[in-house]
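What follows is a group of structures, each given as structure tokens.
In what follows, subunit A forms one complex with subunit B and a second complex with subunit C.
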Partner chain A sequence: MICILAAVVLICCCALVCLSCGSTRDSGRFLPWFIVPAAILGLAGAGASLWEGTVHTVAPPVALPLGTVLLQLDPLSCVFLIPLFLLSGLASLAAPARMRLLADQLRHGRHAFFFCLLIAAMAMVLLAADGALFLILWEIMSLAPFFLLSHSDKTGDERFAGWIYLVAAHLGALPLLLLFAMLTTEAGASDFTSYMNLAGHANAGIFLILALIGFGAKCGIIPLHMWMPEAHSSAPGHVAVLLSGTMLNMGMYGIFRIVSLFGPGDPWWSYTLMGVGAFSGVLGILLGAAQSDMKRTLAYSSAENMGIICMALGAALLAGRNGASVAMALLLAGAFLHMWNHSLFKSLLFLAANAVKEGTHTTQIQHLGGLYKRLPLTGGCFAMGAAAIAGMPPFNGFMSEMLIYLGFALGSDAARGTESSLIFWAAFFVLGCIAGLALFAFARLFGLAFLGSPRGRESDDACEPETQLRLIMVFLAASCLWASLAGPFLLRALRIALQWFSQTLYPSAPLVEADFVLGGDLLAWYALTGCLLLLACALIAGGRRFLAAKYPPEEGITWDCGYCRPTARMQYSGGSFAHSLASILQPLIRARLRLPRMDAFFPSEATASMEVADWPTSLWNRLLFRPVAFLAESAKGLQRGLVNLYILYILAALLIALFWALEWT
Partner chain B sequence: MSGVPFFSSMGWLHVILGFIVLTDLSLLAAEHRRVCIRLIALQGMLLGALPLLMHTGETAIYPWVVAAIFFGTKGILLPWLLWRTMKQLPFSAMRPYVGSTVCVLIGLCGFMLSLWLAGRLGLTFNALFSQVFPTSFTTIFAGLLLIVTQRTALNQIFGYLVLENGIYLLNVPMIQYENLWLELSILLDILVGIFVMGIAVLHIYRVFESTDVDRFAVLRD
Partner chain C sequence: MIKPYPAQYCASIACLLLSLLLAPLLFGIINRVKAKVAGRQGRPLLQLYFDINKLLRKNSVYPQTSTRFFRIAPVAGVAAALAALLMLPFGGVPAVLSFPGDFIVMPALLAFSRYMLILAALDTGSAFEGMGAARESLFSAMAEPILIFCLMVLAYASREYSLSLILGGLPATLWLAEWPMYLLLAIALFLLLLVENSRIPVDDPNTHLELTMIHEVMILDHSGPDLALLEYSASLKLWIFCLIISGIAIPQAGVWGFAERSSPAGSFPSFALEAGTMLLMILCIAALVGCVESAMARLRLERVPQVLTLAGSFACLAALSLWR
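Now for the complex of A and B:
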């Protein structure tokens, strides 16, 4: 606990130092000096606490208006603190160079301040054990990214991204405000221990729904994801790492925390969590697969991964209810490991996409192509990240998904003869679909951006990023590989946290060590297979190199499709690649196709395009935002600029208040 | 008023209160600024005389001092300031948004509402207060109505003054406790406000070549 608080203090000091430097100087250079030691401290503290499974509480004698300052480090917090500190350290290392590149658009001091504030607020959110304190820190954490996103308000897209983030953050905070107000009123105190007494409360279902809306908006679960594509695509690399790798986890943490406080709840809790997760998973990756912007695809895939975690949590609750403790252990371990893994590979992918943007000044797939030859290291790292996120062995993505698959199967087996069995199989099927679609989406993204020939001049001039970013990417890629090989170790690290979590849900029958044996064995086998696969890959690569040296290969255009003189324009474009998928799943993707009419014998130049509108967001627009905007516009009519009218309003308000008061006396 | 001898101080109080209501209604009906200012001066003088009629305390000099202050400011100083400003502006005719007949009718409604409210609120803690309340509320209402219905900034100042007179009237019963400092402070605020507005009106006239408040709408965002 001391280590983590020291880390937070160090980060706050860094924030103040950066702010005091002002905007003229290169304040970004301070970030690694403070945040890397803080991250190491925090990692050590959280890691030790997680390994031992201890719970530390600190209650400084400071009063809050509606609550108390109560900090608690329990195993659940530790699980989320580890990726937070790891990625904060890496992001701070990447930050100075990114800030230098954006020098003309950025106020360095302010940017660095909010960067530190975001990290510190996230760490404190994970420690807060009091409703009022949690909300205050949550709000600070939600506001800081707005200032990081709106660093440059020169283009409309960036302004839009900042505003939509702010609106979504506040809309998400509303249900949380209601939730904690209800909890504090019902429990009579605002600390989490008092909340636990409400476990069997009649309104526990409402608590879950409010938490799902509020925290779901933060972790980008579809259809509450509207801020995510805009924010992630316009954020600079180091900010995107924090947003996608750690801040989404905060939303997930909220859901886990509420479930741990009031769980396991009725069976419909599980069905809701699984349903929401499945919807978000399928739709997230479907929408992502058809995007024309690299970063937007990555943002949508975050919604998909959060959906998978949500689904695993719901299934774990259901398995626990059915008494299938091994399935529950597998599902919970899968959920936590997938959260860690997602943080690793999503950060890697965003940094690689950022390197592409810095090298080519675009992330639009239709302008890229053939980048692997120009950016071999970035391309290689991106390929590893894409393979990991698409669930390809031997990387870490499949490791956690495998646990979840097996958990579904065992859960279904334990619930044989009941409707739960079918639900587990349905979840199994949905996860399979999601994995398949993810493979499609990332094969498309990597293939179109990095393989083939350059589609525009942007790709021709691309160059690798600076050494520091390359090292960070290599570190993250190696971590993805390491995590898959160190599965048994990670499971051992998580075991106490999982037992603690299961004890809060089912105090009478928590998970025991025997429940983790199957998962441990499975991960050990996965690691072994992974090693063999890597060995095979190394042998094939060596053999290929040997053959290539012996028989020099002939260079040609990739995917020439049988044309005798192919050009780069004949390659698959983003739209044409996704077209087949979009036509099959049209009801879910709702792609709009624009095909040219070709009536003449010698048709002139024409273009075809496919647009994929984010239809859940459009639905929100139609149902909520446009009516609200209409009302707000109509209310503008009240402001005529006439003093008389304003005084008339006051007069009317006073008279109404007078009559209202008379009515009540 | 039955049971109150006409020439007693209470009788005179009722007469003055009646006159104040009449000045309110006349102000609502007035079509020229000159008339308005004269009516405001008359109302100010009537209000200034009220402390003499309401005082029941021991100090004999106190009501005379208070009456002199309010008579001087409300009855002479403020109307004189308004008169001076008016002289510098070209047009004298009032151009309200709402016609004078309608204004008077609304003012009468306000008077009835005040009488009803006085009964409904049951203000029994101070006998004088319950007597003064209907007139006071009518005056406040008339002031607000003047502000709302008038087009030019100067005429709105008349409204503010009448509104302040209404508030003053609510405070006059406090004279029994020889405590009118609150009212004096409000009056000071209004006095400063009138100075500022009087200056502002002239500036506005120089910039816009008009004192119509609807032209100020261009200043909104």
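Now for the complex of A and C:
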């Protein structure tokens, strides 16, 4: 606890130092000096208490309106603190160079200040054990990215991204405000321990729904993801790491916390969580697979991964209800591990995509291609991240999905012959679909952007990013592999947290050590399979090299069925790759095709394009935002600037109040 | 879990080697059946062995646009198929690697080889190969959940989570009690075999129009030993699917009283008999593929999802028949 508080204090100091430097060019250079030690401190503290499973409470005697300052470090917070500190350390290392590149658009001091503030607020949110304190910190955490996103308000896209983020953050905070207000009035006090007495309360379902809306908007569960594609695609690399790698987890943390406080709830809790997760997972990867922008694809796939975690949580509740403790252990372990894994590979992918953007000034797939030859290191790291997120062995993405798959299978076995087993089967199938589509999306993304030949002139003078960022990417890529080999160790690290979590849900029958044996074995076997796969690759490649020495290979142009002048424009583009998927699943993707009409005998130059509008967002626009905007516009008519009119309003208001008071008495 | 003991290991490894050796034979059988039905003499049964042998002694030509991924894909394909074969039992003979949950890892290994092949196809920068890659990734995205769902239903039926126990030594009592389910799953998996291995109603490996192909068009630019490795991994993949289907289709042992599920040692003749039945079944499936190819024409690409939907429906029916 002390370590983590010290880390937070260190980060706050850094924020003040950066602010005091004002907008001088290089205030970003302080970031690593403060945040890296803070991250190491925090990692040590969080890791130690995760391993031991201790709960620390600190209640400084500071008064807070409507609440108290109460900080608590429990295993659930530790699970979320670890990726937070790891990634903020890495992000701060990457930050100075990114800020230097944006030098002319950026107020450095302000940017660095809010960067630190975001990290500190996230760490404190995880420690807060009081409703009022939680809300205040949550609001700080939600507002800080706005200032990081709107660093340059020169382009319309960035202004729009910042604006939509602000709106979404506020709309998301509303249900939370309502939730904590309800909880505090019902419980009579605002700390989490008194909230716990409300478990089994008649309104517990409403609490879950409010939490799902409020926290779901933060972790980008579709259809509450409006802000995510915009914000993630316009954020610079180090900010995108914080947004996608850690801030999405905060939303997940909220859902886990509410479930642990009021859990396990009625069966419909599990159905809702699984349904929301499945919807978000399938739709996220479908929309992501059809995007033409690399970063937007990555943003949608975040919605997919959060959906998987949500599904696993719902299934774990269901399995626990059916008494399938091994399945519950597998599902919870899968959910937590997937959260960790997602933080690793998603930040790697965002950093690599950002390196591409810095090198080529675009992330549009139709302008890229052949980047692997220009940026072998970035490309290699991106390939590893893409393989991990597409669920390829021997990387870590499949490791957690595998636990979830097996959890579904065991859960259906335990609920043999009941409706729950059907639900587990459906979840299993949906997870399979998500995995299959993820392969599609990431083979397309990596293959089109990095392989083949360049589609435009943008990548002509692309060069690798500076050494520091390259090292960070290599570190992250290596940890994607390392994490899958160290699976049993990670499960051991999580075990106590999982036991603690199940204890809060099912105090009578918490998970015991034996429930984790199957998961540990599976992870160990997976690591072994991964090693065997790599070994087999190495052996066969060795044999191949031996043959190549005997019969030396040549180079030639792409054969292409004998067509001797293939051009880069003849390659498959992002749109053509996704076209058949979009046409089969038109009701879910709603792509708009623009095809040229050829009516003359000699058709002239024409273009065809495919546009994938985000239909959940347009639905929101139609149902909510436009009517609200219309109301607001029409309300403008009331305010005409005439004093006599205002006096009339006052008179009318007085009269109404008078009549109302008379009626009342 | 299966308790390992030396004789069983020897049998497992012998079966693995047998698989590695015999896999290319399947294409020979399919072609021979097609030729016989069409009234032709047909290629020799061992044609693929001759091809691989010849290709290994030629040099490769790499396209100028290509990178490392183009070169890794053939290697990764064979390595992944090898790792998947390590987890598959050969009839009652358990696999070399068997652990609870391997029925989930095995399809992922197949997905890995496909992923690398898609990247290699995109690496050439050719329109044809990009087209093949797009189709392959689309159809596999739809086939993969069905395959893994079929395996899950099998696991549910046998209450075991390791392929060696799910497929191998399927006791005849269980088979007789649930035969409609096993039959439905076998049909679903046969359809998946046709899709995943690019056989005729989905893809025509022998057409002269690259525009209509899926798998063959992806490997247009590979040559020499690389092509040999790709052909070999394709035949291993076909072998793997045949192995799964025959594992379901043959009720093992129990009836005749040898190699019972948990009995530690089977005698050599019993293993030989089991392996022999499996082998026969695998060759029969290859012949069946040949018959289907002779009887049907290639479907239009838009109709391929319907084949997959059919496979999915069979799998769902199987699951429901189990649930009741």
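FYI, the second predicted complex is superposed on the first by the 630 of 665 C-alpha atoms of A that agree within 3 Å, B and C clash if a C-alpha of one lies under 4 Å from a C-alpha of the other, contacts with A are read in each partner's own complex, and residues count from 1 in each chain.
One rule holds for everything that comes next: a residue touches a chain if its C-beta (ideal position, glycine included) is under 8 Å from a C-beta of that chain, and two chains touch if they have at least 3 such contacts.
Just so it is clear, the model here is predicted, and its values are computed rather than measured.
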{"item": "Contacts of A:89 with subunit B and subunit C, given as first, second, both or neither", "value": "neither"}
{"item": "First, second, both or neither for A:265, with subunit B first and subunit C second", "value": "neither"}
{"item": "Partner chain(s) touched by A:574 [first = subunit B, second = subunit C, both, neither]", "value": "neither"}
{"item": "First (subunit B), second (subunit C), both or neither touched by A:220", "value": "neither"}
{"item": "First (subunit B), second (subunit C), both or neither touched by A:520", "value": "neither"}
{"item": "Subunit B versus subunit C as contact partner of A:647, first or second or both or neither", "value": "first"}
{"item": "First (subunit B), second (subunit C), both or neither touched by A:639", "value": "first"}
{"item": "Comparison of subunit B and subunit C by subunit A residues contacted", "value": "C"}
{"item": "Overlapping contact positions on subunit A, where the subunit C interface meets the subunit B interface", "value": "none"}
{"item": "Footprint of subunit C on subunit A - complex, ascending", "value": "369-370, 372-373, 383, 387, 390-393, 398, 402, 405-406, 408-410, 412-413, 417, 421-422, 425, 428-429, 432-433, 435-437, 439-440, 443-444, 446-448, 451-453, 518, 521-522, 525-526, 528-529, 532-533, 536-537, 539-541, 544, 547-548, 551-561, 566, 568, 570-572, 576-581, 584"}
{"item": "Contact set on subunit B toward subunit A in their complex", "value": "97, 117, 120-121, 144, 147-151, 156, 213-214, 216-220"}
{"item": "Residues on subunit C engaged by subunit A in the complex (per definition of touch)", "value": "56-69, 72, 74-76, 78-80, 82-83, 86-87, 97, 99-102, 104-105, 108-109, 111-112, 114-115, 118-119, 121-128, 130-131, 133-135, 137-138, 140-146, 148-149, 152-153, 155-156, 159, 161, 210, 220-221, 224-226, 229, 301, 305, 319, 323-324"}
{"item": "Residues on subunit A engaged by subunit B in the complex (per definition of touch)", "value": "639-645, 647-648, 651, 658, 662"}
